[in-house]
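In the two complexes below, chain A is the common chain; its partner is chain B in one and chain C in the other.
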Partner chain A sequence: MKITPIIGLEVHVELKTKSKMFCSCSAHHFHVKANTHTCPVCLGLPGALPVPNKTACEWCIKLGLALNCSINQDSFFERKNYFYPDLAKGYQITQLQKPFAINGYLDVDSHRIRINRAHMEEDTGKSIHENGATLLDFNRSGVPLVEIVSEPDLTSAEEAKKYLTKLQQIIRYIGVSDADIEKGSMRCEPTVNVCIDDRFYTPLVEIKNVASLTGVMNAINFEIKRQVEKFAKDKIEKNSSNKTTRGWDAVKNQTFLQRSKEGSADYRYFPEPDIPPISFSAAKIQNIKATIPLLPDQKLDQYQKLGLSDADSQLLSRNPSFAAAFDTALDHKTDNDFAKFVANLINGPIRTFLNESKLEIDINSIHPTHFQDLFENQDRLSSTAIKELIIDSYRDNLEPLENAKNKNLFQVSDVNTLETLAKEIIDTHPKAVEDYQKNPAAIGFLVGQLMKASQGSANPQLAKEIFEKLLK
Partner chain B sequence: MSKVISDQDFAHIVQLSNLEIKPEENFIKDQLSQTAEYIEVLNELDTQNVTPTFQVNHKKNVFRSDEVGESLSQDSALSQAPQSHQGYFKTKATIKK
Partner chain C sequence: MNLNELNLQQARQGLREKKFSAKDLVTACFSQIKKHDQDINAFVSTFEKEALKAAESADISLPLGGIPIAIKDNFLTKNQLTTASSKLLDNYLPQYDATTIKKIKAAGAIIIGKTNLDAWAHGSSTETSDFGTTKNPWNQNHLPGGSSGGSAAAIAAHEAIIATGSETAGSIRQPSSWCGVVGFKPSYGRVSRYGVIAMKSSTDSPGPIAKTVDDAADLLEIMSGHDPYDATSIDEAPWKKPAPLSNLKGLKLGLPLCYFPPQIQPEIKEAILRSVEIFKKLGAEIIELSDVLDPKYSIAVYTILQRSEVSSNLARFDGIRYGHDRSFFGEEAKRRIMLGTYSLSSGYYDAYYTKAQKVRTLICQDFDKQFQKVDAFIGPVSPTTALKVGASKGQAMFGEIQDMLVEPSSIAGLPGISIPCAFDKNYLPIGLQIIAPQKREDIVYQIAKIFEDHTDYHLKKPTL
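This part shows the complex of A and B:
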């Protein structure tokens, strides 16, 4: 039996504007005292007039452009009508006929995933189910939300994860949202069905309540298996009215039936009469486009061209803060050796230091001249010393060369000084010399003595060469 | 009596409106039919050369800038709620748990 999963993803992203979508209440709602950021507009009180947040609309367009979408220059909001306690007005203000952004795509490992739309809407209130009652907090009601709808082009849970990760990176790069799945600022609803033997299509299932990337993958995999098994028994194929919604239970690791899907017509969409239509000129859209920085794929390409390894390029490009730190340290230089040197320090000691101290990278702690100084003095400093110096530079803004001098970290590379010391060691360690002559690997002991005699400041490679020469 | 709205349509409208209609209130269906029929009059208008619109004031691009203003206090937000609990609006359970 041939099984082809067909997966589409609906992703909701909360924009991190200061205020809500249609009123001036604060959009901040995570861990805020319940119902303290509300007003007649976001509580849906009669007579309230919604006025769109300009920044939110522009960010939606920016996100659409970053996802390779075309922008509808003429757009408008619509009402989507349904009853649910978290939606006080009885309708959600959203976009249907003329979303801000349409027909985009995202390439995942060179598989093009088409994006149907990225439209602007408002979030609902938050429900807490407790003791047979539902409690409602409307602080989240009216927070700007962009819904990104993919075509059903994804073919596995793994690919869905990659798509989401990439989407998340892009959103963070352009800075319009934290896109944090665990905190709910990015929410994913996969729609899954399965094509069996290239002939039979199982009924569509939309999965809700998935709160992590792993959850998305598990839910999709569970659903694929469930549908294949169900089809083997009942042979029910997809039709226009048997789409269902299933919830994801992360504890039991399974989906459960929530409700049969209402048909689209039941929402009775109609243009929002309270909000005049919106029109963005081509020039305005161009201006928004100009604010989009280089995106992860472009960054990756840029880093690979600088001669960085694939691993280094990936590590740096997938996190906008690390990419920015690297760019700052590199300071527009194009020397491949310097680029590799900087990447090693940022992905090595600095990343380790940040992980250990549970800190986020801070671009203000990156001092380009310090990287440059260390690079130019590599031959006088051990790799351990360089690591120590760059962390001191990052953490305490200590100038590395001065710091190296204070800490006595410079290696002695002066051949005459080292030769004098080496001769003394040879005279005082006849046994070690004998050992070396029998077995060249025993040179380590002599080098060690020289390191000790120079108080660790000798360049070990040079020390080795000197002994080899003297004992030839 | 007019049949613009069928029994099936009526049941659907009732469901979408979240209303409970008792059998003795079924006359509403006929009233609704009459209303719908009356509105049908509009279809007699020739609108062939009229651009569809949902706006009458010809405004465009009415925005607000992204600034935070004042919100209601928790007390006033909840003041009209039939039921509240520890700062939350309280309703019948929407999910069985």
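This part shows the complex of A and C:
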């Protein structure tokens, strides 16, 4: 039996604009005291009217452009009418006929995933079910949301995860949202069915309440398996009225039926009369496009061309903050050795330091001249010393060369000084010399003695070479 | 003459010359209300104590300083009962003032009460109000019209000096016509809708109802202006009334022949034709327009679009907030919600909503075409004078028929006015309407003003 999963993803992204979509309330709502960021507009009080947030509309277009979409220059909002206690007005303001962005794509490992649309809408309030009662919090009501709808082009849970990760990276790169799945600023609803033996299509299932990337993968895999098994039993194929909605139970690791007969829902969409149609000139769209930085794929390419390893390039490019830190440290230089040197420090000691101290990378703590100084003096510094110095530079803005002097980290590379010391050690350690002559690996002891005598300032490589020469 | 019978100009002058105080003026209005409003029922609620207190500190240097004003009860007034004449909101105290209320308060006016309307402004009679029908002050067996019937009756009965109304398709002009007062419907977007309970969002236009053309224009000046809280508001400075004209030479007035439908009351047609003679004497050129799109099409367009928007606008009254469930909607609101839900449903949307929008475009284009030939339309407001109490009962399309002559201009978002131009044989007022192109309130004002200056219908008072 041949099984081909067919997966489409609906992704909602909360924009991190200062104010809400249609009023001036703060859009910040995570861990905020209930119903404190509200006003007549987002509470849907009688007489209140929506005024669209220009920045949010522009960010939606920016996101659309980053996803290779065409932009509808003439667009408008519509009302989607349905009842839900946390939907204050009894309708959601959204876009159906003329979304801001249409017909885009994202390439996932050279598989092109088509994007149907990226449209602008508003979030609903939150229902909190507690002790048999339902409480309503309208802080989230009216927060700007972009809904990104893919075509059903994904063929596995793994691919879905890659698509989401990439989408997340792009969203973070252009800075319009934190796209944090756990915090709910990015929400994914996969629609899954399966094609069996290139002939039979199982009924569509939309999965809700998935709160992590792993959850998305697990839910999709569970559904694929469930649908294949179910089809084997009942042979029910997809039709226009048997789409169902299933919830994801992350504890039991399974989906459960929420709603059936999805096809019969009628949202009575019509143009929102409170908001005039919105037009964006070609020039305005160009201006928005110009604000899009290099995206992860382009960054990766750029880093590889600088001679960075694939691993380093990926590590840096997948996180816009690390990429920005690297670019700052590199300071437009194109020397491949310097680029590698900088990448090693950022992906090595700085990343470790940040992980251990649970900090986000801060671009203001990256001092390009410090990297340059270290690079130019790497012959005189041990790799351990360089790590120490770059962390001091990052954490305390300490100038590395001065710091090295103070900490006595410069290595002595003066051959005469080292030879004098080496001769003294050879004279005072005849046993060790004897050992070395039997076994060349024993040279370590002699080098160790020299390091000790120089209080750690000797260049160990040079010391080794001097012993080898003197004892030949 | 009692102080409550003064118009805005006279009241303002008297206050400034200290002939009487704001308190005297407010007291006079309340004494009239106490005497007659049990019968007229123009008010849903009155705020005597607050109004008298406000009168004591009134700043009469302000444009409306110390002037008693009646507010249609679909304008939100902070912490003051706002019902839209529906029992569903019979204990609703708004958390905020409508933009227009803020402006009216800032201009120094004193809100004396909230006036009756057809519940949710659905109607042209006030008979759908959950708080009783308002009676026409000229004859209490007759209706005041609607939906701003309470405001029109309050002005006609001299219970207030000025009032606000709101028009979606006739709700300012038709009751003003039936009550013999001046009702000025501005261009759509000229006056903010923020804080006025939405009925048909795409044409709702708040505006003044007053005793004279100047009074209405002065209140419109205060109510108008761009509002950042209303995305459909016209992005211009507040409207200013222009200097009055001394004659109408060079002005072309269009007389749309189809605004005299077969069912029109003959006295109304005669009255309008007499008015035409006055305009001619004042120097206007009268042009008969024989190719204007018949207003009957507007009835269908308006009905579909209005029901559709209403079904969505009333969805927020879902029984969770405001204290009452949806059984508190009256019969008319329920009927409109049902019809609107139907016309927006998939499978019917294109046949009804989309088609209505297309015809709306044709209506707008027709006005554009006509306004290349004339500067303004003149014609009757309503095909009849005030009908008897009970006339709307069982007539689901009552309002649409009564408002058919004002619906086209409402749908097109145009400014218009109703001014008294005659009385019928039962001494019920007849209204003349003037319609101008979008944003040309100045033309409306100038034509209405000169007509009023040469007639005395606005000076007549009903015997209560």
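Criterion: the second predicted complex is superposed on the first by the 468 of 472 C-alpha atoms of A that agree within 3 Å, B and C clash if a C-alpha of one lies under 4 Å from a C-alpha of the other, contacts with A are read in each partner's own complex, and residues count from 1 in each chain.
Here, a residue touches a chain if its C-beta (ideal position, glycine included) is under 8 Å from a C-beta of that chain, and two chains touch if they have at least 3 such contacts.
Just so it is clear, the structure is predicted and the values come from calculations on it, not from any experiment.
In the superposition on chain A, contact of A:G47 is made with chain C only, not with chain B.
In the superposed model, A:R268 makes contact with both chain B and chain C. With both structures placed on the common chain, the touch criterion links A:R79 to chain C but leaves chain B unconnected. Of the two partner chains placed around the shared chain by superposition, neither chain B nor chain C is touched by A:L359. In the superposed pair of complexes, A:V32 makes contact with neither chain B nor chain C. Between chain B and chain C, it is B that contacts the larger number of residues in chain A.
Touch criterion met: A:P276 reaches chain B and chain C at once. In the superposed model, A:L257 makes contact with neither chain B nor chain C. Once the two complexes are laid over each other on the shared chain, residue contacts for A:I128 go to chain B alone; chain C is not touched.
By the touch criterion stated above, A:A311 is placed in contact with neither chain B nor chain C.
In the superposition on chain A, the residues of chain A contacted by chain B and by chain C overlap at 40, 51-52, 81, 83, 85, 266, 268, 270, 273, 275-276. The touching residues of chain A, counted against chain B in their complex, run 17-19, 23-26, 33-40, 43, 51-57, 76, 81, 83-85, 127-129, 132-138, 266, 268, 270-271, 273, 275-279. Chain C contributes residues 75-76, 82, 84, 89, 92, 94-96, 98, 193-198, 200-202, 228-232, 308-309, 311-312, 314-316, 318, 320, 341, 344-346, 349, 353 to its touches with chain A in the complex. Of all residues in chain A, those touching chain C in their complex are 40-41, 44-52, 79, 81, 83, 85, 88-91, 266, 268-270, 273-276. Across the interface of their complex, chain A is touched by residues 16, 18, 54-55, 57, 59-74, 77-78, 85-95, 97 of chain B.
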